[in-house]
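Next come two complexes, and both contain chain A; in the first it sits with chain B, in the second with chain C.
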Partner chain A sequence: MQVYYLEFFVVALGLVMLMVDAFAKLQDKRSLARLGILGLGVVFLLLFAVQSPSNAASPVWKFYAAPDNLSLFFKGVALLTTILSLVMAIDFAPIVLSKIAPPDQGAHPQAGLGEFYSLPVFVCAGLMWMASANNLVSIFVSIEVVSITFIILAGYMRRNVGSLEAGVKYLILGALSAGFLVYGFAWLYGITGSMELGPITEALAKPGVNSTAAMFAFSLILVSLAFKLGAAPFHIWVPDVYQGAPTPITAFLSVGSKAGAAIVTLRLVYPYLTSPVLGTKALAILVVIAILTLLLGNLGALAQKNLKRLMGYSSVGHSGFLIMALASTSYPGAVNALSPVAVFAYYIGAYLLMTLLVFLVLNVLNAADTGETLDSIRGLAKRSPFLAGILLIALASLAGVPLTTGFIGKFLAFKIALDAGQWMLIAAALIGAAAGFYFYLKIAASMYLDAPSSSDGAAIPVNLLTKVSMVILAILILLTGIVPNVIVKLFS
Partner chain B sequence: MSTLEFLVSLPLIAALAIALGAPARCTALGASVLVFLTTIYCAINYNTSIEDFAAWQFESARTVLDMPGIPTISLAFGLDGISVVLILLSSIVLLAAVLAAPDESKVQGNSRLYYLSLLLIGGGALGAFTATDLFFFYAFHELALIPTFLMIGLFGRGENRIRTAWTITIFLSVGSLILLVGLILLVIKLGAQTFAIADLIALAQGQGIDAASQNWIFLLLLVGFGTLVSLFPFHSWAAPAYAEAPTPVTMLHAGVLKKFGLYGLIRIALPIVPDGFQHWLHLLLILLIGNILFIGLVTIAQRSLDRMLGFSSVMHMGYIFLGIAAFNTMGVSGAVLLMFAHGLSIAALFALNGALRDRFGDLTFRRFGKLGKSLPRLGLLFGFATFAAIGLPGFANFAAEIPIYFGAFDGDASGMNWLRWATVGALWGVVISAVYLLRAYRSIFMGNAPKVRLDDAPDMLLREMLPVILLIAGLLIVGFSPEVLNQYIRPTVNGLFLLSAG
Partner chain C sequence: MTFLFYFFSALVLFGGLGVVFAKNPVSAAFSMVISFLGMAALFIQLDAFLIGVLQVLVYAGAIMVLFLFIIMLLDVEEVEKRKLSLPTVIRAGGVGAALVVLISTVLMRGGTAGQALPKLVASPEKSDVLRIGELLFGTYWLPIQIIAVLLLTATVGVVVLSKRELK
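Up next, the complex of A and B:
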């Protein structure tokens, strides 16, 4: 099977969902989400049926990379994230419905819910395309497919000020970042005379390249990518949008959007890093961004009281570790050296498992109207030992406790920085990791050691699909913490 | 699945089963009995005729991470003579701790979590002592530490328990972090392609690490491992934590988990950075004398049993460090044997401490007296455990301390040097421990009539005595016939010094 059929299937699935929503007169629109989960699950299995291209001469490969394990891995990440976000969206339905306009007389009582389930599928198609985009045009278009849909989704709860604020912030800053990206691309085209990444890489490696212009293009592109990755100093939107957006969308944004941005960053920044002329300059900028991101993300999280906001800062902190790996690229790379691509891929895989697990729990708490502040999970272990246990595993992994997948991710990031001798980076990362240890485990301690905040001691209900997803993610976190090869073999 | 994989996964699987709804106490007991039998099986089938350090038996390995640029990580297990002794210690104390744990109905809070955590601590300790890959050696120890912190905060006694839990968490996490830095530097400096401990030792035999780096690495390892073992002056977490933790957790931590740091020094530091060890020997001797004499005097000054036992456990670590500092066959063998003996005796003392606390609450010495008359069984067992801890002949502690003193005095035969002065100082520790332990025994079980109410304080039941009897039996068997364990220790420690002789 040709690799680009995967995106066709996903787009077709999204269209089918819209049609079903419009014409099938569903009693309960949550079935749409189940349809989406099923369809995406089938596409996920099809990932393993992808063959190498039979029509190598076809012009399609000029804007869409031939499949390799890395791009398939990121497509898998996009699919899994979407599936789990839809799982969350099922639980979240009552809150969305209560925060959008009440339906007109005679309309379906769940009017407006169908699109909440269909739009993520289109985002998924965009994210999967990003993983294969190898041409400036297709990179830009795939990024915009994702961004525009996210703007709608972030502001979906239109009777809720926080959600609206999130939507507007994401809209304005997203548009600004798109502007930077296009302008950067224009310069890049002007310097290299090509839209394709292959020729661009070659052109940038030539000794005669205009380095001032090339670095100007690099800075413009980096501003935009840093915005998408949530890297300092362009991370200011992250906490606000994460807090305001509906929880399933926050989860989707934090993992899906970051994974897409990560692969695009790899593809766009790598030509610079491997260029003998521009490599050291690009590296210096990345080191500064990595240090800032590590410190601002992890230290900023220390003061947070809202869990979604805290996860926003945590997401920034994890971007810091990603960029640290990229900033430790050494050129010319030794044959047997640890590749930043591998660290990136592993870190994203690990980040997916642990972040989505945290959001699955937060989503259940949201849906049970427990609130999303740190106070609201005090004594959770007494009330819902299952949820507390699951959250403990996720938090331990985010903090980087050994035998969890998060430890391996941090271990790889530190190792590559050590190999590169980036001592400033290591110092910043140590401070970040120590702060992370403190604020993640503070949540865990509050769940287990503090007295419950409310007198309502009834266990929080968790439906079966959510429970199964939680258990699978928790097992994967521990399994890949002990046997990291499970993830490594997928992308190498 | 190999024998050791079975051994390590057994408590972890049992913990999972409890989380999923199996009856907590039954499952935990069943698992710890099976663990005990499996370690006996390993000990019986261990071939004691191989004279080599880190020559693993019952070996198994599975590669879990191979990536270009990263030393290969394997989930690998194996036993040599030292680890045989330590898994015996772990399984005996685990069984005793589970036996000594309160019934499910008497646990204040979630009883599943209680038993599950005990099994995780036990499984982590077994994993750390059998792992032959540096990565898992470290990771399993962390696995055992985290439930320890949680248990102190959740099920500990006293109003300060949350604060105590944070103190021990911060101390031991920072210690582990320093240790991690030391271990990573060690692997990088060796230029190793794997994390297998045997490979690292082989590399150290070849080119090895330059002397300046060895000094740094050993210092990091000493502080890291030392914090975990409560080496003076990194000991201040220990006494309050042991006094306030639930009884089985104290038994497991003071008895088993704390030995990880000492095991690490013998397993990693001595063979790989011997020059660093020699460089910091004087510092180590000063610190261990701090453990024995300074902490010994602090122990005498304690006014309640639980804190006295906590400090005494800190103090006795000094002897084991002395055995390691001797750096000869006799001293190190004694140190390994004392790790076993101290583990059993301190676990027995804390079990009895728990029995007293269940009956009377506050354990201040002033409130007690003459209990021997009304609680004769408790008094008898407490007497045995006390004698063992002092190191009277007939108990394993004696059989271990004697070679430590002889080994340390012989360690450096050039006149009255640092090592000999330290040995002379350490001998006074025997007097100090006799003073505080016998005084504790007198003030509780003899003397004036007690101020506590005796009406609702029955003597020990068989169920309570069982774990203590198990521990004391172990101490007596090894005490009367140290060869039971020395047959494992000797060839391995000989191997260690064959290594360092080149």
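Up next, the complex of A and C:
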């Protein structure tokens, strides 16, 4: 099977879901989400049936990279993230329904829910296109599919002020960042005379390249990518949007959008890092951004009282570690034992597992109307030992406790920075990791040690699908924490 | 030709400033039309006739008429004057000035000079429209399909977000 069929299967699935929603009289629209989960699961299995291109001359390869481990891995990340977000969206249905426009007279009582389940499937297709884009045009259009759909989803609960604010903020800042991206692309095209990443890499490596203009293009593109990654100093939107958006969408945004931005960053930054003329300059900029992101993200999280907001800052902090791996790239001449791409991919995989696990728990708490502040989960262990245990594993992994996947991710990031001799970065990362230990484990401690905030002692109900997803993610976190070689081997 | 370039560039900038500074939304919309017309003239100067014509027909024509309709339907009077505090003005001005300095530095250091862009191939037997169509639906079929998905999701989203009562 040709690799570019995958996205069309996903788009077709989304269309089927929209059609079923419109024409089949479903009793309960939540079965649409189950259909989506099933379909995406099938596409995930098809990832293993991808063949190498049969017709290398087809114009599609000008826009779409031939399948390699990296792009297939990121397609898998996109699919898994979407599946888990849909799992969360099933639990979240009552809250969405209470915050969108009321149904018309005689309309289905769940009107508006079908779109909430179909749109993430289209985002998934966009993320999968991003994973394979090797041309400035296809990079731009796939980024726009993802961000425009995210604007709609973030502001979906429009009778909720927070969600509306999230939508509007993401809309305005997203448009600004798209402007920077296109302006940077225009300069890049002017300098290199090509839209394809292959010829761009060759042109940037030539000694005669105009380095002022090339670095200008680099910084414009980096502004936009840092916005998408949530990297400082373009991270201001992250906490507000994460807090306001519906919880399943926050989870989707924090993992899916970041993974998509990460693979695009990897593809766009590499031509600069490997260029003998521009490599050191580009590296210096990345180091500054990584240090700022590590510090602002992790230290900013210390003062947070709202769990979703805290996860926003945590996501910024993790971007710092990602960029740290990228900034430790060995430019020509240096030898690095570990491939930065492997570290990058491993970190994204680990981030997916632990962040989605936290959001799965938060989503259940949200749906049970427990609130989302730190106070609301005090003494959770007494009330729901299962949820508390799952959240403990996820938080330990986010903090980087040994024997979890988060530890291996951070370890690899430190190792590669050490190999590259980036001492400033290591110092910032140490401060960030220490702050992380404090605020993640503070939550864990309050779950286990404090007395419950309310007298309501009944266990919070968790449905089977959510429970199974939680257990699988928790097992994967521990498994990849103990035997990390599987993923690392894939990329070395 | 150079004079015309500067003339139409000035028109574009004049229109752009009008959009920002006009107090009445209708005048702001018309300033945008002026800006689009100037842009269309610039495209035509670059021999991109089809894009120039589309700019006039689609942007200046259809989209701006829609804009005006909405402004008039909503009956937006003058926008209330926003009070800008001095620190805001200084910060925003600083960023703007820094960007101008940056861009002029880059341009002064040669811009993209030295790098020849791919030559445009003239083919008198085929019209502009035909060649753009061939490119869009031949070589560029994948990005076009992706944009189709983008338009679909945007349409679905607008309907869901804007209806007062959902069907």
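Following the convention adopted for this analysis, the second predicted complex is superposed on the first by the 484 of 492 C-alpha atoms of A that agree within 3 Å, B and C clash if a C-alpha of one lies under 4 Å from a C-alpha of the other, contacts with A are read in each partner's own complex, and residues count from 1 in each chain.
Note that in this section contacts are C-beta pairs under 8 Å (C-beta built on N, C-alpha and C of every residue); 3 or more make two chains touch, one makes a residue touch a chain.
Only a predicted model underlies this, so the values are computations on that prediction, with no experimental measurement involved.
*Asks:* Between chain B (first) and chain C (second), which, if any, makes contact with A:A396: first, second, both or neither?
*Replies:* Touch status of A:A396: first partner only.
*Asks:* Per the contact definition in the header, classify A:P461: touching chain B only (first), chain C only (second), both, or neither.
*Replies:* neither
*Asks:* Identify the partner contact of A:F216: answer first if only chain B is touched, second if only chain C is, both if each is, neither if none is.
*Replies:* second
*Asks:* In the superposed arrangement, which partner chain does A:V60 touch: chain B (first), chain C (second), both, or neither?
*Replies:* It touches chain C, and chain B stays clear.
*Asks:* If we overlay the two complexes on their shared chain A, which of chain B and chain C does A:F122 touch? Say first, second, both or neither.
*Replies:* After superposing on A, A:F122 lies in contact with chain C but is clear of chain B.
*Asks:* Considering only touches as defined above, state whether A:P385 meets chain B (first), chain C (second), both or neither.
*Replies:* Touch status of A:P385: first partner only.
*Asks:* Under the stated touch criterion, which partner chain does A:S138 make contact with: chain B (first), chain C (second), both, or neither?
*Replies:* second
*Asks:* May I ask you to name which of chain B and chain C touches more residues of chain A?
*Replies:* More residues of chain A are touched by C.
*Asks:* Just checking: does A:D419 make contact with chain B only, chain C only, both, or neither of them? Give me first, second, both or neither.
*Replies:* So A:D419 only meets chain B here.
*Asks:* Quick check for you: in the superposed arrangement, does A:P233 touch first (chain B), second (chain C), both or neither?
*Replies:* neither
*Asks:* I'd like to check the shared interface: which positions of chain A are touched by both chain B and chain C across the two complexes?
*Replies:* Dual-contact residues (chain A): none.
*Asks:* Along chain A, where are the residues that touch chain B in the complex?
*Replies:* 334-339, 342, 381-382, 385, 389, 396, 401-403, 407-408, 412, 414-416, 418-419, 434, 437, 441, 445, 448-449, 482-485, 488, 492
*Asks:* Can you check the complex and tell me which residues of chain B touch chain A?
*Replies:* It is residues 19, 62-70, 73, 75, 109-110, 112-113, 138-140, 142-143, 146, 150, 153-154, 162, 165-166, 169, 173, 177, 184, 188 of chain B that touch chain A.
*Asks:* If you look only at chain C, which of its residues touch chain A in the complex?
*Replies:* It is residues 102-103, 105-106, 109-118, 138-143, 146-147, 149-150, 152-154, 156-157, 160-161, 163-167 of chain C that touch chain A.
*Asks:* Name, in rising order, each residue of chain A that touches chain C in their complex.
*Replies:* It comes out as residues 4, 11, 18, 59-60, 62-64, 100-105, 107, 111-112, 115, 118-119, 122-123, 125-126, 129, 137-138, 141-142, 144-145, 148-149, 151-152, 155-156, 158, 187, 189-194, 203, 208-210, 212-213, 216.
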